[in-house]
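Following this line, the structures themselves.
One chain, chain A, appears in both complexes that follow, with chain B as partner in the first and chain C in the second.
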Partner chain A sequence: MKMRNLMTLALAAYMTGTIGAWAAEDGQSFEKIERGRYLAVLGDCVSCHTAPGGKPFAGGAALETPFGALIGPNITPDVATGVGAWSEEDFRRAMHEGIGRGGARLYPAMPYPAYTKVTRDDVSAIWAYLRSLDPVRNEVQPNQLRFPFNVRRPATSTWDLINFQPGVFQPNPSKSDVWNRGAYLVEGLGHCGTCHTPKNITGGDRGSEALQGALLQDWYAPDLTEDPRTGIGSWSIEEIVRYLKTGANSYDIASGPMAEAVSNSTSKMTDADLLAIATYLKDRAPRSGRAVTALAAANPRMVAGQAIYEDRCAACHSRSGAGVPNLFPRLASAPLIQSVDPTSLIRAVLIGSRAVATSAAPTAPAMPAFGWNLNDTEVADVLTYVRNTWGNAASAVQPEDVSKLRERLSSR
Partner chain B sequence: MARKLPATDVLIVGLGWTGSILAHELARSGLNIVAIERGPWRDTATDFPPAYAQDELRYHIRHDLFLRPAQLTMTFRNRASETALPIRSWGSFMPPNGVGGGGVHWNAETWRFLPSDFQMKTHLTERYGEKFLPGDMTIQDWGITYDELEPYYDKFEYLCGTSGKAGNIKGQIQTGGNPFEGARAREYPTPPQKQPYGPTLFAQAAKDMGYKPFPQPSGNLSQAYTNPLGITLGPCTYCGFCEWFGCGNYSKASPQTTILPALVRQPNFEARTQCEVLKINLDGSGKRATGVTYVDTSGNEWEQPADLVLLCAFQLFNVHLLLVSGIGKPYDPRANEGVIGRNYSYQVTSSVDAFFDDKIFNPFIASGSIGMCIDEFNGDNFDHGPHGFVGGGYMGAVQTNGRPLQTTRTPKGTPRWGLEWKEAVAKNYLSNYEAVTHGSCCSYRDVYCDLDPTYTDRFGRKLMRITFDFHENELKMSQYLTGRLAEVVQKMGPRQFETKPRRGPYDVTVYQTTHTCGGAIMGADPKSSALNRYLQSWDVSNLFVMGATAFPQNAGYNPTDTVGALAYWAADAIVKQYLKSPGPLVQI
Partner chain C sequence: MIINKLQLNSPDDVGSGMPRPPQARPGIRRRELMLTTATTLLFSTHAVLARVVQDSLPWEQNAGSPPTEATPGPWTYFTAEEGATVEALVDRLIPPDPQTPGGKDAGCAVFIDRQLAGPYGTAEELYMRGPFADGTPQQGNQSPLTPAVRYREALAALDKYCRATYAGRSFTQIPDNDKDKLLSGLEKGQVHLEGTSGRAFFELLLQNTQEGFFADPVYGGNRNMVGWKMIGYPGARYDYRDWVDRHNERYPLPPVGITGRPEWVRKAQ
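Take a look at the complex of A and B:
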């Protein structure tokens, strides 16, 4: 097995004519490969580049975008179907410039607008790690976009002109090393903004609203700013670290796409890196939003919602909305509950949701589905109640929003 | 013809409490483990979410969580002179099915047995003399002491997060706990559940009479708890849908809520559900298990070779598999020889129904294991000399449920249907109270399991035949215990009450308890026991048999705590002794 592996690699190197071209450093040193392995964890490469139940990095996970699906390609060193024929420079351009081997522009589902900030050294280490993997033969057709989006992107991209600022991360000398490490991870490899930053009409980041919360794949990636109501303003650094490390803290438990991010990436990060991420996040400004007042308890929708809550929800989440840490998410003063966009909440009520399991918090409790016996108005009412009780304040949930999401979820 | 699969280190038959415990303990030793489970995978939010978990028709009346007799059943007769017939609808006991086993549907009453229970034969003989015991009684010592088992009781209770009040910590009697219990190393993991009015009233009456009431130890938790595996359980909501039901609130200790989330993370563990083990295979010598043969839902037969086989199915099915696999000598009651099927036993429950005019009990505020109990009449906690029987049981006000379809107790003389009955049900629903006794059952020479000569299952295997009836000793015990209970109930001040001791003959169609036991018992002598003190087969040393199958007779307590403790005890022996030097752990 090992021998075949080596031979394939040698063949790949021969075919691409790169033997000795960058031999100044030992590209196969243990230190470099091991560093690359950890950096690939930080970048959560495995999530997009692995099919459910498939071999790691061999491609196949679909990312749904408003323009159609994109499938993470095979990035094992298989010559025919993976990146076996790529050079390190090809890889660096993909990471830093969003340009694939042969000049093809990548779709920004590959988060090169974030990866461009990764240092050359780190990119090189990731490459060394990827080269060390067993080549897996697995043909992937990454581009599943609808017409006209599926037409190959031109070499000069308007999208990039509008949305892409290339350049490696520049530390802020007025901040601590820990802060700068956190900023590097959040803005770079961690590519948090890919999910958590609102997008413009072309799918690019709205730079001025970084990490203020965004919708994707019918999940709402919550606000990560210091906002005390919708963001992480009330979370201590320790609570953020605990959330990322175990998937759960006193406020919430990760599920949906974040469950995957915790499982594959953040739960495997070092405590120092988690502390850095939390330190950076806690030092950012709150989102700029209008003040929201809670709906009155006597509002008919609140009254209806309360009755449903006490019948269906209070047994687990408790009448005070306090929940049980690591088991039933807290609803009172919980940022996700008060999100501007209630999509994740509607979704959880309609079809349920399973929390992440980690070694530190293996329970993996699940929210059962209520879509089969609560109608759209009832779902809207109970969520409106939850979003406006125990100190919470957020917009009412509209039955039409529930209806639309129900339809989208059922057509999956 | 079975197709042969690659060998595994450990093969577990049945993924309930004991299968989950053994799988987790052995997976931590790095062994490759395959568990084969006859029923489906079951998970809280998917299979019994709070949105419909409390469905009495589906789960209680239609037996949703239980084994279907069409898949496998057993035949029954009261005595050897009768012809046994197949049980076609479960009645007296409810065989579990699926991942989690009986741990999914139990009431979660989490009792330890008394120290003297483990040396019952020796203890009673020493105190009362051999002649005090009926000649056909076959009770035995367990071959293990309470003190040896204590750390494993502790381990199981801390896994479950059991809610209770200790009565004896390291020999120091604790106020408010059960003063008769064996010494425990430490307090329960969580405090007792809250008590409703009925148990409070019972406890006051019992106290006034000089008894020492205490809260029943409960696996439905009084508060959130994170166990040593890092798994979190939630607080019980007192919904009263425990026994027969899965818990939708993660509040009842079960394999799902205490072990499986950690077990499924072990890369060396694999479960095959909806696969039914047909037999345990032996090598040519008959002294070594080579694995099992099982069949999947498509009817394909598979042979799974393994170095170590752990029989972790429900008690009745463990005995059946041993019998159909030809392991150990089948018990012959005429010769009083053989070990497989020997000392089958059960339990003896009874009740006192009381009807009040001036009290509202709200029976729907319930958990499978809340209640106030007394233990003065359990085991040998009282002098049996004047009474002419042995054994005993706990008794108390245990408020398990007030479910709408079947909570229809009415006073004697009420018509059994029609308007008058309906009015009586409505009138008494809130204001009647049922207090219960939960009594032991000794083992007897003419009570046993063997293979039925007539009836076979869908694979052509002979069904197991149960021959069981209550004996005079147990009926006397029930009469006595129920009488003592009635005295306490009378003190609670009812308008009227009815004493309902258990009467013979045993009726297999009427639900009493699922605490069947024995059939492959543990002991010190291979002539009278199937398993040694580590639950290892005397005949096939790479086979261990878990569960109440090993009880030589039944104590006056619910069995699960002891089943869990024995599983940890056996797991420890396997890891620390057997794996280092495979072979018999007890030499004769």
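Take a look at the complex of A and C:
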């Protein structure tokens, strides 16, 4: 070996040693930061803490709640406008207890009721990752709630007493490691229940109805229980994994807020984690919904609905409701179509809908708007037909509901 | 050199919708083309805005540019007399028969009226400046008259012709037999209208009547989709994949227009 090479090698060894020692001291090893980066993907932090077109984690877009708007704050390490002045313990309290630096209660739009389940170790890794980001100076006013909800929350909150059970995830020893990993992700970082669990009057989770489907921001986050009609009872573990990884499976294509979740989070999860999530979801009890009988085909709204379906929908979704895999969602035996709440369906017909694009399914097919073409009764009838044909059974859609949603969507 | 072979105004261009210069030239030289391109780029009044598209194609919710529905009611361009004359004219071009209503009841005159009142009537989207020369048939209409003006002039001249020829009666008052003879004379160029081309008017009227009979009902003609029912056209449908392989079978669905069909409306129970 030549002298120069030897010297280079020695220098490299010396530097590695130095960096290694420094990193260990600071808790900023590459492995830990990288693990934190992946955990932040699992938690989909970027969705709420990034504005459209803005710098990642430097503050987000408004999240509309029934109590007013909340904006995800800047969580880059900028001292003045971000979390640069926070300690790791400040961050842990925010994640586990919903208490920000200085003792202010966070609003539960920050899903701390779910993040409380994240292990200390994982919280520490996420913190290491956030510390490694470039500080971005961006002032965000997170609290844009209406009075009286905008009044700063006291440290002891009635809301938390009713709705918040702090505590790290406890594995179920009678279940497999895969199942427990899935439960940890779904209930913790994945915070699936934030959208998919029905809320009580204060906006807290109705714990007994976990993941049974809920309405938010004029989208209906569908039932994720084993219910064969409205839930994922008919989806295999592979179908669930494919949906989360690519945004599409043989039943459905993700759109709306789920498109964001797929794009920012689930499509970037490891196959092992997706398998764990699917394993856990498939092992849960179906929602105890009462049996629903399909409307008779001769019902006048079904007859009208069929005519509209043939003329406006069948070209893509096909007369048999089978759709085209990865392109046009299947309507027959599709859980979302038979949802208790038809809001997402009305919305898609009125203003159209865009599916998610992932590297595995980059097409991002879109449904055009029909709001200009179909009146409220026609939208209601075509959806009633779709919800009660090809083996589907669900409540009829009312023209008044279409009318209300049309008004809300046009005022936005 | 490919560019040297580039031919403008070849008969194949007809109907392509591109504006064409009035004079046909056998070819275009490369230098000319480059000069033209450079001039266009330099003096283009519209800013050319390029847009970078990444990942997937842009999409907007609630997109769509629906057509404006022709409003029912009185004439918007024609006078009452003109309207009555056009109704009589279209009813001779497409006379009613036991199966299908004629041009008048199908709404052809209403269609023409609404078109003449809009951008079609004012030739808004056509090049309407000189030079005006007699072109070849392939070059289409080279007249300085907009369709709306052509109708106005020709209808006045037709009225004058009728009253002079048929003892003071207007076109609406003469027997069908005479109407047909007159139309035939216009078509063949044997009947001359004062101050305007009877033949050019006939051609325009015939074309507009056909358009009114077969265009989507949203534009005021083809009332109740009678034109489509007559020829078995299923209307504004998007896709026929389910029927591609089903030969010698009648397509089962009735025609549908842009605004739907009667079956879309719930029947009372």
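Everything that follows uses one rule, which is that the second predicted complex is superposed on the first by the 386 of 412 C-alpha atoms of A that agree within 3 Å, B and C clash if a C-alpha of one lies under 4 Å from a C-alpha of the other, contacts with A are read in each partner's own complex, and residues count from 1 in each chain.
To be clear about the criterion, contacts are C-beta pairs under 8 Å (C-beta built on N, C-alpha and C of every residue); 3 or more make two chains touch, one makes a residue touch a chain.
Predicted model, so just to flag it, every value in this text is computed and none were measured.
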Query: With both structures lined up on chain A, is it a clash or a fit for chain B and chain C?
result: clash
- prompt: After lining up the shared chain so the two structures overlap, which partner does A:A361 touch, if you call chain B first and chain C second: first, second, both or neither?
  reply: first
First (chain B), second (chain C), both or neither touched by A:L327: first
- prompt: Which holds for A:V303: it touches chain B only (first), chain C only (second), both, or neither?
  reply: second
Query: Given the superposition on chain A, which partner contacts more residues in chain A: chain B or chain C?
result: C
- request: Applying the touch criterion given at the start, work out whether A:D381 contacts chain B, chain C, both or neither, answering first, second, both or neither.
  value: second
- request: Kindly point out the stretch of chain B, out of 204-212, 222-230 or 510-518, that overlaps with chain C after superposition on chain A.
  value: 510-518
Task: Show which residues of chain A both chain B and chain C reach, each in its own complex.
output: 315-316, 352, 354, 357, 362-364, 366, 368-369, 372-373
- request: Within their complex, state which residues of chain A touch chain C.
  value: 299-301, 303-304, 307-308, 310-311, 314-316, 318-319, 350-354, 357, 362-364, 366, 368-369, 371-374, 377-378, 381, 409
- line: Within their complex, chain B touches chain A through residues 43-46, 49-51, 224, 226, 229-235, 237, 239, 248-250, 261-262, 265
Query: Which part of chain C faces chain A closely enough to touch in the complex?
result: 55-57, 59, 61-64, 66, 237-239, 241-242, 253, 256, 258-261, 263-269
Partner chain B, residues of chain A touching it in the complex: 312, 315-316, 324-328, 352, 354, 357, 359-370, 372-373
